[in-house]
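Next come the structures, one after another.
Shared between the two complexes below is subunit A, which pairs with subunit B and subunit C, respectively.
Moving on, here comes the complex of A and B:
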């Protein structure tokens, strides 16, 4: 701010003939530089917490980096200096069957979770538009409540609910005569385990989707919907042919955001599996974490993180393109 | 690269906030961190710690902070002894603040890695299966020449002193050990007419059947509650049947879980578990003491201190009503002469090579694990002491007996990675849930162990 302020402060004291011209130069600088100055603090923060670690992540991915290299950092005489290994960590990933099976698992998990979140979220949003105001308020309050629940707190509760020995879920299912669920372990079969994880992930993601979609739905002009109804369109046709095209931009954004979130799911699986997920519960994020922090292979772990990052960057293209389109339309 | 580690440190710091903030508020107190304890001299001046001829005296002018990482076992089980060590230390170094931070087993190595890259703590508790990797990489201070400073170093328990020795050098101080045994409900045994604890596996099975016959109508009842992933217990069967996890020869390691002996042990275990246990087949043993406290379990296979947690106060997850109804016996073997070997678990205290306070750290460790400290610890917490000279304090405890017949993990530098990647737990979950046959599961585990132990 000082830099922008200085010329404007100086200019009034200048001699008259040149003052006008100078001032316009100064104000032009202020006009152009001002916005950049204003985003400078956030850029600095992003630089510190995002760009710098990211840069180091890239460096690590091209190095052999383990416990000896860690020691070397604080104690140059101990351990070993990091060694540049080119693309060795990446080619290790591409030749690692565990990487491919984990990637496949993550992709399927993401697809199921994104679909479930969007469908249920949109359904709730539509519902919110139909019900009485008091019910809508109650729904919103509940959604916000879910949204505000810290992830770890929520997870601990879910973990108790699905506990094999003392879990309420097993108890209730058995009491309802839906099968013999006493002492049923939800994690022995991975598909059941992932069902629980999906349940928890979708539960946590729905509030944002539902509230955003509800806001988007209120933007659909009432007369369009009425016109369609008058022309004899069924509710489903109204939704598909009138509302959906208007909702498309926001849907693209929500879908790409959901893909990014669900592809990176970590905590839910990690906590539900008592901090020790079996290999068949590995998602790509967990695989990367375990490789780095449990097996001390920080180089390979970083390479895995970068592969994830590249996949996410690809998805975010759709998100950013949609954002640009929206701002152009406006 | 530093930043990535720093990010991890940041996380660590965030996780440790509770510990830090409480100690910081102490620091504001000008009377010193242990101000309250200085006048409380009921512990008599003789506990000054110099009994073993340690460097003596200390330094009243030295000031700074000694950071100590202990496991939550100490926080929950013997906080008094930790405080006593700090008090003894502060008599010699009144101006050195001792900051004890409690860690959990699940993530303490991750945090240690992060700390080693920046500012490591001065004293760290490591499990005796975790030390080798850090000794081999040179992360720990070499204490070979200072060994005599430690009170009981001439009689350290072999299972522990081996775990702090690498290529003839000493890198740590044994802290305490634990052996496992079968903890059982004496009242239930009496109710079905069993007068003496079983001494063979066949007797154990027969007793289990009797218990099942009487209490089996309760769907939650387990005669022997054995979570599938209890790998310490499972390996007792492997070693007891003549097998082992892996053997080393000149730096090359070979995993042996698919050997007929190891498979025979695991087969025996699986039939026992299938028969007598309702515990989660893919769960671990971390909750078994509180499950036993609920009253639906006749036997668990656990550590000596778990007797205490089963009968602890209600708000600590125990059940005081069971106080005089719980006892223990060694896990029986095939024949009465030889119980199955117990894993000799335990902890060591080490000093990171990068610590700036090695002398203080040695002093504090000696105050904590020297003769006085250890006597208090054994009397209070019933752990197995770090020295054979104090074993008699335990009397004829079944756990002390179990410790005499013990097995230990392979002393390969990369062994900690086998543990932290849960190779054996995964194998056991596969076996116990029936997802894989014993042959397939052990073969897969062997491949993974070979890869880890022989990797660079």
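Moving on, here comes the complex of A and C:
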């Protein structure tokens, strides 16, 4: 883009609209094999540690694989060899009422968390552009502080805030006369428990959304907004027709990332429920984990993981398309 | 509905702010309402962290009171002492340090090469490579943990630092490639070309011109990788099941599984584990927004 209009030396077959860059002949020759050598190490690591397990995941999902089979892998004489069962693990899922209720719970949880994160995060981003400089700096510092707080640490903090006996939340709610919250347990009612989880998730995710959205908002050229306003556009029209098209790529990215993160929420629920989540606290990730590592049905657990994977793949399409488009533009 | 009325209100107020901006000062004071809301947001966001840190300094009897003590006075360091002396604290810290340093150094080196390739040349298969790199980050953790567990126990790499290092590398690498790509792509290639016209070789031009400019990006990405590896819990929890192989985050979680939760010790432990991360994060925060959004917003 920097050299638009200069003659390009790229061969026609490799031509892309945005590829008009000045290039020396020598660099072209160096590039022929160069890029492949450069990406090779990363592909190797990914291949060994990700492609192989992923392949294994698919294999496991079509097998009956439990403790005897684990034993068999390390001590071939003991245990039992894995047995191929076709689509049995998948059809088990589709006939399992618990799978459907878990999936539904996960979908609702994701929708609530994504919406809350995006709305609050964007609101804070807008706010950052409207406050005094000192407050903006403090707000940024606090957001980064929260962002930097390790997930597990944040989790334990919220666990303490909502503690049944000495949690400060119960105290404040009682003092505000919002109901009888003394010794109130937040986990007996699943919806209240999930409310705590939502606090943890949203609190932790807001900084990323707010800071990114704030950066994006500052990229909207002031003159464009000005021009639209002079031409008589209402604030709503300015937002829809000027800001939104510029913010769209980043919004697509933030939304898909949030969906992907919130659909996979695991640690938060697992830790808040003392490493023993009850079935009514199962999200799809926990269901898959418990099926594998507590019930030792690795085959069924893998099938559940693959179903999650396919749902994620669908969401990722939008995200990946947007990112590839961006990388082509540079 | 309320959003529309809020916008209408803003439209009325706007000209005053605009006047100031035209004077070259970017909304120096902001509006009163915005400032009040801003302060409220700061308080709400920071309170949980304040409460954790203040709890970690409270005496046991001040901590467990029906009416909370809002300030840790008189304070005590007793919880820090007990957390420090809790079983496996130092060994977990050591394990984390080893894993994190190996993961960061190797991932950054490997990712840097790949980032240069992706940012600087348009080779055949580039799109597919990008799709793989991004797609991998979408794989649910629980989808990997089952086969990884089976695979690592088969290869006798369970409870081995190497097993955890390899796992982290694979998970963190794609993120590093993508972030570094943004930094490399932001450096105008014309600079390199100019150096080559002045007689540098391609490698020379890269090392003398581009590399110094990329250094901040490398530092920022390394620290991101550091934070991810330091904070990771689920893989470590499953792969490192022996007590003496725990990482710091697994150690912290070990507070919670006990029958009675030692809140003071837990908060002290959490504070200790968060300190290095917060310091590192603060030191790179000015690269954070640029690194993650530069590519996304420009277009």
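Here are some notes:
Please note the rule applied: the second predicted complex is superposed on the first by the 282 of 330 C-alpha atoms of A that agree within 3 Å, B and C clash if a C-alpha of one lies under 4 Å from a C-alpha of the other, contacts with A are read in each partner's own complex, and residues count from 1 in each chain.
Operating definition for what follows: a contact is a pair of C-beta atoms (placed from the backbone, for glycine too) under 8 Å apart; a residue touches a chain by one contact, two chains touch by 3 or more.
What you see is a predicted model; the values in this text were computed from it and never measured.
By the touch criterion stated above, A:71 is placed in contact with subunit B alone, subunit C being left untouched. Shared-chain residue A:240: touches no atom of subunit B or subunit C.
Contact with subunit B, but none with subunit C, is seen for A:296 once the two complexes are overlaid on the shared chain. Between subunit B and subunit C, more residues of subunit A are touched by C.
Of the two partner chains, both subunit B and subunit C are touched by A:60.
When the two complexes are overlaid on their common chain A, residue A:275 makes contact with subunit B and with subunit C alike.
Where the contact sets of subunit A with subunit B and with subunit C meet, they give residues 52-53, 55-57, 60, 65, 70, 73-74, 165, 274-275, 293, 298, 302. Per the touch definition, subunit A reaches subunit C in the complex via residues 2-3, 10, 14, 16, 19, 21-22, 24, 26-27, 30-31, 34-39, 41-43, 45-46, 48-50, 52-57, 60, 65, 70, 73-74, 124, 127-133, 135-136, 138-140, 142-154, 156-161, 163, 165-166, 168, 171, 203, 206, 211-212, 214-216, 219, 222, 234-236, 239, 246, 249-250, 253, 260, 263-264, 266-267, 271, 274-275, 285, 288-289, 292-293, 298, 301-302, 305-306, 308-309, 312-313, 315-316, 319-320, 323-324, 326-327, 329-330.
Residues 52-53, 55-57, 59-60, 63, 65, 67-71, 73-75, 78-79, 82, 164-165, 182-183, 185, 187-188, 274-276, 278-279, 290, 293-296, 298, 302 of subunit A touch subunit B in their complex. Within the complex, the subunit C residues that touch subunit A are 4, 7-8, 10-11, 17, 21, 26-31, 34-35, 37-39, 41-42, 45-46, 48-49, 51-52, 55, 63-68, 110-111, 113-114, 116-124, 126-127, 129-136, 138-151, 153-154, 156, 166-167, 169-170, 173-174, 177-178, 181, 185-186, 188-190, 193, 196, 202, 227, 230-231, 233-234, 238, 249, 252-253, 255-257, 263, 266-267, 270-271, 273-274, 277-278, 280-282, 285, 288-290, 292-293, 295-299. Interface residues of subunit B, counted against subunit A in their complex, comprise 1-5, 7-8, 106-107, 109-110, 113, 116-120, 133-134, 137-139, 219-220, 278, 280-284, 286, 291, 353-354, 417, 420-422, 425-426, 429, 433, 435, 452.
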